[in-house]
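To keep things simple, chains are lettered A, B and C as they appear, and every chain counts its residues starting from 1.
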Amino acid sequence: MNLLSSFMPALQPVATAVNDQTAELFQFHRGQDVFFMLMLVAFLMMFIRRYEWGVALATLLVFATSFPLYLLAQTGILGADLSIELIIGGAFAAITLVIAIGVFLGHISTISYILVGVLFVPCYMVAEWFLFQFLDGVLDAGGSILVHMVAAYWGWGVILGLRNKAVLEEPADTSVHSVSFVWLASMLLMVLWPSFVTALLPTEDIIPGMANTYLAMVGSILTTYLILWVLKRTIDPLVFTYAILAGGVAIGASVDLATPLQSWIIGLVAGAISTLSFLFLDGWLRDKTGVWDTMGVHNLHGVPGILGGLVPIVLGFAGGSQAIAVVGTIVISLVLGFIVGLILRLLPKPTKMLDDAEAFPAEEMRATDPA
Amino acid sequence: MNLLSSFMPALQPVATAVNDQTAELFQFHRGQDVFFMLMLVAFLMMFIRRYEWGVALATLLVFATSFPLYLLAQTGILGADLSIELIIGGAFAAITLVIAIGVFLGHISTISYILVGVLFVPCYMVAEWFLFQFLDGVLDAGGSILVHMVAAYWGWGVILGLRNKAVLEEPADTSVHSVSFVWLASMLLMVLWPSFVTALLPTEDIIPGMANTYLAMVGSILTTYLILWVLKRTIDPLVFTYAILAGGVAIGASVDLATPLQSWIIGLVAGAISTLSFLFLDGWLRDKTGVWDTMGVHNLHGVPGILGGLVPIVLGFAGGSQAIAVVGTIVISLVLGFIVGLILRLLPKPTKMLDDAEAFPAEEMRATDPA
Amino acid sequence: MNLLSSFMPALQPVATAVNDQTAELFQFHRGQDVFFMLMLVAFLMMFIRRYEWGVALATLLVFATSFPLYLLAQTGILGADLSIELIIGGAFAAITLVIAIGVFLGHISTISYILVGVLFVPCYMVAEWFLFQFLDGVLDAGGSILVHMVAAYWGWGVILGLRNKAVLEEPADTSVHSVSFVWLASMLLMVLWPSFVTALLPTEDIIPGMANTYLAMVGSILTTYLILWVLKRTIDPLVFTYAILAGGVAIGASVDLATPLQSWIIGLVAGAISTLSFLFLDGWLRDKTGVWDTMGVHNLHGVPGILGGLVPIVLGFAGGSQAIAVVGTIVISLVLGFIVGLILRLLPKPTKMLDDAEAFPAEEMRATDPA
């Protein structure tokens, strides 16, 4: 513990500060990494061999609607300046939606995603208003609540309103390389994660935030592997590649406050609860609700998001408003998502579910000989 | 429109400037992104299942010859300093060639690409001289003309001189994952694009340029999807993944001048004309000329490049010299490319076309059981 | 030569310097690229179609143990501050191990990699102490010795101690896309390499280092292709994609000292000797030792690492201590690796070798129809 406690002190303060434009240019690069992560989330969800291109298309369609609409609403209605903070804010809104559609990918027709992008933006802005205007002193620098919890519970609201149970009967076969794309996405998301959680932090918090984020990540790798090995004696790659990111989800709300050791422990715990959610909670929820969280969003973003939202209370940085933020976000996201789900229910059902043939000339384009 | 007009004002100016070295170090990162994009262009062209490695190899061979040769010519003949601007200039020359070979990939033998790299550099330097030495006041910060138009028309000059019609008979089957690599490349190119168009801009233009570029990109996603859906009721992924990048091609010449709303509209128009070029112009050109633009370079880089080159005139930033730049670039690139095509015609024909077996022990290495 | 000599002068000095925090924030980005490269090394090793996920899992397990343990040892035992330099130092330690396991991937059971991560850290710290504490004036800014040589010879020490000859009988079939992932990894490693070799350099050396690194890289592409074509008339993609990185390995120790022309020549030579090592030395070593360097680590990191370590002597920047550093690193790494190999030999043998089925439910998850 004496050794570990030496892990405690944050990084030494830096003498000289950076000026405004320099700080903004660094945000250019961290912001760009957030857009990079947005695209990688699509590849994290590409494990269904017959449904890869459709995931990428859905990602691009919701990005193409939610990002400019958020910027338009902020500048046009709320009178914000189109600054780098706002660009990153738009990327946060879009990536939240890209995570959220993981709950109901394959449940709706492709064209519907344009409507999804339009309907999501006001929902997201309500959650944003609730957390940072209505409430006071909520800690969420890295988006544990605003990004991950909103994504999981808004998405769950949608499937509960949509109730397309037919998708449960669809096959979801994988292939070596569809799963290898998931490995690629997971491993690169881990690398870029510090840019995401520090994107809106003051410059002096960026490097400590980087150390904390990577330490949380490697903690999750360890517990995810050990729990899967102890309980199952085999590693399900679709649990492992997801749950190892839970440390990044959970560190979000305290990335600028936790010590390195605390961050590593947050990662250990987050990886463990995410893995257990995949193993036990996922099936239980499916049985109880009769709907299927296609990409297990709740197990990676929902539960670890709640953990992350509550960590600042445990560490003594935040009080009651933080708890209200967590509970209120679940309620608001579920309700607004449910309404969107009911609207989507009125649209024509997809001709095929979890299948690229719904949108693409996939039959012709899939090779008939192995490659 | 009142809402939209609020989109108009550019970002607020930043008080304090960055010093020389800081600006250069930021260019290090944007420059590195340009090299990243150069590699991604190879993966954008990897949809032919039996011809993936050959595309990567050709990309590396032309990079390995054109990049150092351009630096050598600039420093050795023209007496330039080996600065970060010159390194980025060399990356621009190399990526222009990597785009250009897309027109005739599979038409020539692998070893010929070394000669292609050598012959391209003087052609590119003539175009560069024409645009920025011979002409005055040409706007092309983001390479709509120098990179995209030169690539498309120089490449077309080459196939017109080469006239290897046999390649038209070759199969070009795809597979799920060969096309998934194209999705990966297209989505990451979109993310990195702001670094490319702002690589040589003064620091105060970088963040507005980022906003403009992403807005142009999402505009193209929207029109590309809608036109394909309306006209075809199915989304050809090889048209979609290409045409959504047209906004980035077209914003190049006015990235530092257009407003966010103008940028979004440029993206909408660029995506539309690129999609229509793939659907109608591509086949028409193939019939008329009897040669095949393997990767449809003309539809993504040629037509949207012309649009981008002319946009500054439409927006009132540029005058006649801009129009001369566009027309002159077409002529110069076609003529110089044609000469290179005639030279390449003298070389031995490839043993196999559009097939990795031309260069690699592909038969042995392709798996015989599915994976 | 007159032309070439114009390549000689280093970049012009920059007037104004960057302040401490700005320099650290630039290190954030170069450091992040090092973590990116760590993940890409896994994909560089994914060419065995039936053993892709296992390579990624092993990479993450050794990363998850070695990175925090190195930080803990440095801060806890040696009293270092947790600065950006230390984070990058930890990434260097971890990437060295990720390269090293390439020598014995598939030789041990998955869970053993956790022990490997723990045992590697003290070995690495001994090598680090030897090079920079015990010896004086050793030049190795870019890790030719500390990263690449330690990886190769420590890894070789391990297989010599482990002596699991059974793995030699295992099939190692590739597929089109398992090899395409290798192309992706190799090409992106090339792009990010300047961040790696300049990660710990003073800011004024970063841009010259970028030019030197890319010039070394393109030099290796050229000689690797030409030698394979001349000697074999066919390009083995698993030799090509590896050997083209030799320029980056070899430039490491003199990235801040060599001229651009010298760097290009270093790359030409490094690509040549790496290719020849793959073609001739690899098989000879396998016959002599009876053990198999699974990923040919010695051919890319060992031999070019020695070359890189000796280059500063050839260029007249370093003297005897540099030679002692090279020889001593081979001895220390082999001995310490050998001890670790003997320990690993005591652990249960893997149920399957070079096969994802050892750790994953691979049989069920591999698609039965082509994709």
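Everything that follows uses one rule, which is that contacts are C-beta pairs under 8 Å (C-beta built on N, C-alpha and C of every residue); 3 or more make two chains touch, one makes a residue touch a chain.
What you see is a predicted model; the values in this text were computed from it and never measured.
**Q** Over half of the interface residue numbers used by both chain A and chain B, so same, or under half, so different?
**A** Different: when the shared numbers are divided by all numbers used, the fraction is under half.
**Q** When the Cα trace of chain A is superposed on that of chain C, what is the rotation angle, expressed as a multiple of 5 degrees?
**A** 120
**Q** When the centre of a chain is set as the mean of its C-alpha atoms, what distance in Å lies between chain A and chain B?
**A** About 32 Å separates the centre of chain A from that of chain B.
**Q** Please output the residue numbers of chain A that touch at least 2 other chains, ranges allowed.
**A** Only 22, 29, 49-50, 175-178, 366-367, 370-371 qualify.
**Q** Quick check: in the complex, which residue numbers of chain B touch chain C?
**A** 19-22, 24-25, 28-29, 31-32, 35-36, 38-39, 42-43, 46, 49-50, 52-53, 56-57, 59-61, 63-65, 67-68, 71-72, 75-77, 79, 81-84, 87, 110-111, 114, 175-178, 181, 356, 359-362, 365-368, 370-371
**Q** Can you tell me which positions in chain A touch chain C when the two form their complex?
**A** By the definition above, chain A touches chain C via 2-4, 6-7, 9-12, 14-18, 22, 26, 29, 33, 49-50, 173-180, 183-184, 187-188, 190-192, 194-195, 203-204, 206-207, 210-211, 214-215, 218-219, 221-222, 225, 229, 234-237, 240, 244, 260, 264, 366-371.
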